[in-house]
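The next part holds the structures, each set out as C-alpha cells.
What follows is a pair of complexes built around chain A, which joins chain B in one and chain C in the other.
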Partner chain A sequence: MNEKPEKLIDKKGIRLDGRKADELRPLKLQVGVLSNADGSAYIEHGKNKILAAAFGPREMHPKHLVQADRMVLRCRYHMAPFSVQERKSPAPSRREVELSKVIKECLEPALFLELYPRTGVDVFIEVLQADGGTRCASITAAALAIADAGVPMRDLVVACAAGKVDDTVVLDLYDAEDKLGVADVPVAYMPNLNAITLLQMDGILTSAELEKAITMATDGCKKIYEMQKEALKTKYMVVKEVEE
Partner chain B sequence: MSSLITKVRLKQIEQLLEKGKRLDERGLLDTREIKIEQGLIEKAEGSARVLLGKTEVLVGVKVETGEPFTDTPNEGVQTVNAELVPLASPNFEPGPPDENSIELARVVDRGIRESKAIDTEKLCIQPGKQVFVVFIDVYVLNHDGNLIDASAMAAMAALMNTKMPNYEIKDGELKIKQGYTPLPLRSHPITVTVGKINNFLIVDPWLEEEQVMDSRITFAINDAGNICAIQKGGSGYFTPQQILEAMKIAQEKVVELRKKLNW
Partner chain C sequence: MPTFFEKKQLVTPGELLAEGDYLPGENTYVEANKIYASRIGLVDADNKKVNVVALKAFYVPKMGDIVIGTVVEVGFNGWTVDIKAPYTALLRASDVLSRPFKPQNDELSQVLNAGDLIVAKIASYDRAHDPQLTVGEPGLGKITRGQILRVTPTKIPRVIGRKGSMISMIKQETGCQIILGLNGVILVTGKNIEDEELAITAIRKIEQESHTSGLTDRITQLLKEKKGNGNTVEEKTNE
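Up next, the complex of A and B:
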C-alpha cells in the first residue's frame, strides 16, 4: 500500500482515477460465458473481474435442507487467492461468509421461491480480481447468471456503491477510495419495483449524507440496469445470427 | 418452524399491526424492557449481561498482548466473535460458527469499529511490535429475537466495564504492574434494528415476529447522532422511503435509549 495521498479529490472535483463524483467506472457485462452452468455471467467493473454461475432449479443436496413449500437459494461468494495484492487464503474468510449471506438475501426478493418447492438454485461467484466494490459487481453478475439460467424473476437485481471521500459524496468507490475514504454504502436495487434489497454501510455519515448516498447509488444502479438488459439481449441476438 | 404455523401466526400478527398492536402488547416503536448487569465475570477484564425482554446475551472482554496489523502498526486490535450457544435455542446446534453467528459478530464489530469507540491508538505498547488485543466474545444465552441489538448493547456495556492492566517497558520487555486503568473509549454507539412486516416498521422485533418478518435493517449510531454502520438482513426488501423512515425511527430511538441508559 502506498502512502496516503493528501487529497483523494482535487479542487475541480476530479477523483484520483480521473472520474467525476457521480461517474461510474467503465463496465463490461457478458452473459452465457460458461458452458457447464445453467446460467452464467462475467462482469468487469473497473478493475474488478468477476464470474458468476447459476445451477438449477435442481434437486437439493443435502436432503435435510429441502423446503417443502419453496425453493432454496444458496450463494457462495469467493475470492481467488490471486485476486488481491497480498495472497488471500482460499479458505472462506468470515467476510466471505457474511457476503455470501447478504448476497443470497438480496437476490431472494427477485425470485418466485414458492413456484419451485423442494428444489434448489446454487449461485457461485468467483472474484478473479478485486478493486473495491466486489460485492456490488458480484450481485450484478449473479442476477444475470440466474436470469440466464431461465429462472423467472420479478426484476433483475443490480448493485452499486456510493460513499464519502474527503468531504464529498461519490458514486462507485474503487479500492483506494474504499480504504482511505470516510464511508462506503453498497446498495442493491430492483429498479422496476423501486426496492432496495441490500444496504450496508461502514464509516460515519450524517442522515442527510446517507440519503444523498442512497439516491446516488440507486441512480447508478439504474444506469447499470440498462447495461444488464443489453447484455442479456446480446446473448440471444448472437444465437439468432448463428441459426440464420 | 413449520410453514403452516408461520402462516397462521403471520395473519394474526398482521391483523394486530393494522390496529397498531403487537403480540406482546407493545406499540410498534416500543423496545422491550432492558436490564444491564456489568462485571459479573471476575476473570474477564470486562463483562456485561443484557436482558432485552427474554433475550439474554453475555459478553466477556479479554485483553491480551499481541502483534498489530501491518497497515496499522500504532493501533491496538479489536476482535469480535459471537457464539450462538446451543442452550439458547432449540434451533442452535454445536459446531463451528455458521453464517448467522458470523453476521452477528461482524455487525457488532462494525458498530464499535466504525464509531471508533475504542481508542486503539492508546492500546499501542511498542509500535509495530506489541499492542493490546481486545477480544470481545458475544455469548447468546437465550434467543428471543433481536440478537443484534442485545449483543451490541452488551458488548458496549462490557467495554465500558473493561479494565486495562497497567504496564511499563523495561529494556524492551513488557512488565505488568499492579492496578488497572479503564479501557480508553471515545464513543458509545447504540444499535437499533427495525423490522418490516408487510410494510409495517417495528422496533426491536422479538422471536415470533422475526420468524414472519420480511426483512430487517440495523443502524449503529454514535454519540453525535451520526450513522456509523448499517446492515440490511432477511429475504425481503425496503423501498428508499422506508429506509429513510427506518433511519428516522432508529435515530429517535437512540436518543431515547441514550437517556435511559445514561451513555
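Up next, the complex of A and C:
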C-alpha cells in the first residue's frame, strides 16, 4: 500500500485482488479449536485470521454487572499486536471498544437472554491477522463459538460487508478497498429469521446504492451461512458417524 | 403441516424443523407458528412433538434432582457448592447438622470443608434465587470414597438407559455402587480399583457411542470380556 492505484477495478470489472464485483474471498471455518473454552471457533476470511472463544452461561463477576432478570452477554474484540503491519498497541483502542459493543449488540438478538437470569456469557475475539472486514468475520466466528458452547440460540448470526469502490458496488471489501474505496457497509444477518442485526455505513452512498449494497451483503451472508452450518456440523459429525 | 427433517438428522441452531400443527419439545422454540432448533443436536418427532437431543448443553438445576458438587466456600451459616451449573448452590448448616445451628458451638469447616465432594438433592430453585441443596435423605451427604467422572449432562439419560436397564446392568456386572448426578458428575464406588475402572470404561464408552442402538448389549459384552480377562490375570498372580 504505497501509492494509491489509479483504478481499483479494471475495465473488465476485475478487482485488484482478482475477484469479480460480487465474489467473496475464500473462507475457512473450524469449530472447537480450543479445549479450555466452553466453545470456540476459528475463521480465515481471505487474509483475516480470527479466533473466537465463548464461556458460560456462568456466574457474573464483578457482581455489580449482574442483571436480575436476564443473562448478560459480554464481548471483547481485540487485535493482536502483530495483526497489522505496524505494531498495534495491545491496550484496547477506541476502535476496539466500539467494535466490542457493536458485536455484542448484534449477537444479543440471537440469544434467549431471559432464560438464564443473573448469569453471564463471555465471548473473546482475538484478531491474529487483519485484512479488512474483521468485524464481520469476528461476528461469524463468535456466533459459532456461542453455538459450540451449547448456549441456546434463535439463529446463527452471519456477517458480511458490501461497499462502493470507484463507481461500482462490490461485495466483501478487503483492506485496500476499505481504505481507498468510497463506502463500506457491514451487515450482520440471521438467515432463518431473515433479520438484520447490524447495519453500519462508513462513507457516502445514494439510497439506491445503499439498497443494492444491503441486498448484496445479505446474499453474501447466506453463502457464508452454509459454510458456517457445515463447520458446526463437522465437529459433531464424528458422533453421528458412530450411529450408522 | 410439513416437517423439514429426517429422523435423527443433525441440525444447527435456527434450522426450521416444522410448521403448523406441531408442539415444540426440548431445545426448540416457536416463532410465527414455525418450530426452529435452538441447539446443535439430533431431531426426532414423537407424535406431534418435535424434540432436539442436544449434543452440547449445560446443566440447569431442577427441584428434586440429585447432583454431585464440590464445596467451594465455608460461610457463616452454610456452604457454597459448585454443581457445574450456571448458578452456585447453597447448603444450609442446619440442614446438615439436623438440629438448630449455633455458631458458637459448631465449627462448620469440621463438618464439610472446601474441596469436599457431596451428593445432594436440589431442595428449591427458581429464577430469582440460587438453588438450595439438602442432604437430609438416605444416600446423600459427604463422599468419602470412590472415583468421580464427568460426562455431558445431556448424556445422563443414556447412561441410565430405558427404565434404568443400562445402569442396573453395569452395577450388577461390576459390583460397583454408582451414583449419577444429573449435573453430569458420576460417582463410582467399588470393592477395589479394578472394578471401578471397569465401570468407568463402560460409562466412557456409553458417552462416546450414546447415539447408537443396541448399546446395552455391547456394553454387557464388553464388561463380560474385560471381567474374564481380569480374572485370568488375577489367577496367574495367585499361582
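Basically, the second predicted complex is superposed on the first by the 236 of 244 C-alpha atoms of A that agree within 3 Å, B and C clash if a C-alpha of one lies under 4 Å from a C-alpha of the other, contacts with A are read in each partner's own complex, and residues count from 1 in each chain.
In the analysis below, a contact is a pair of C-beta atoms (placed from the backbone, for glycine too) under 8 Å apart; a residue touches a chain by one contact, two chains touch by 3 or more.
All values derive from a computational prediction rather than experimental measurement.
Trainee: Scan A:Ser207 for contacts with chain B and chain C and give back first, second, both or neither.
Mentor: In the superposition, A:Ser207 touches chain B alone.
Trainee: Counting only touches as set out at the top, which of chain B and chain C does A:Met190 meet: first, second, both, neither?
Mentor: both
Trainee: Answer with first, second, both or neither: which of chain B and chain C does A:Leu199 touch in the superposed model?
Mentor: Touch status of A:Leu199: first partner only.
Trainee: Taking the superposition as given, does A:Lys63 touch the first partner, chain B, the second, chain C, both, or neither?
Mentor: neither
Trainee: Pick one for A:Lys12: touches chain B only (first), chain C only (second), both, or neither.
Mentor: Neither: A:Lys12 stays clear of chain B and chain C.
Trainee: Applying the document's definition of touch, where does A:Tyr116 land relative to chain B and chain C: first, second, both, or neither?
Mentor: second
Trainee: Considering each complex separately, which residues of chain A are in contact with chain B in the first and with chain C in the second?
Mentor: On chain A, the overlap between the chain B and chain C contacts is residues 68, 190, 193.
Trainee: Can you list the chain C residues touching chain A in their complex?
Mentor: That would be residues 8, 10, 12-16, 27, 29, 31, 36, 38-40, 42, 54-58, 60, 86-88, 127-128, 208-213 of chain C.
Trainee: Which residues of chain A touch chain C in their complex?
Mentor: The contact residues of chain A facing chain C are 38-39, 56-59, 68, 110, 112, 116-119, 147-150, 152-156, 190-193, 229, 232-233, 236-237, 239-240, 242-243.
Trainee: Hey, which residues of chain B end up touching chain A in the complex?
Mentor: 3, 71, 97, 99-100, 102-103, 105-106, 110, 113-115, 215, 217, 222, 226-240, 243-244, 247-248, 251
Trainee: Along chain A, where are the residues that touch chain B in the complex?
Mentor: Interface residues on chain A, with respect to chain B: 1, 67-69, 94-95, 97-98, 100-102, 105-106, 108-109, 185, 190, 193-207, 210-211, 214-215, 218.
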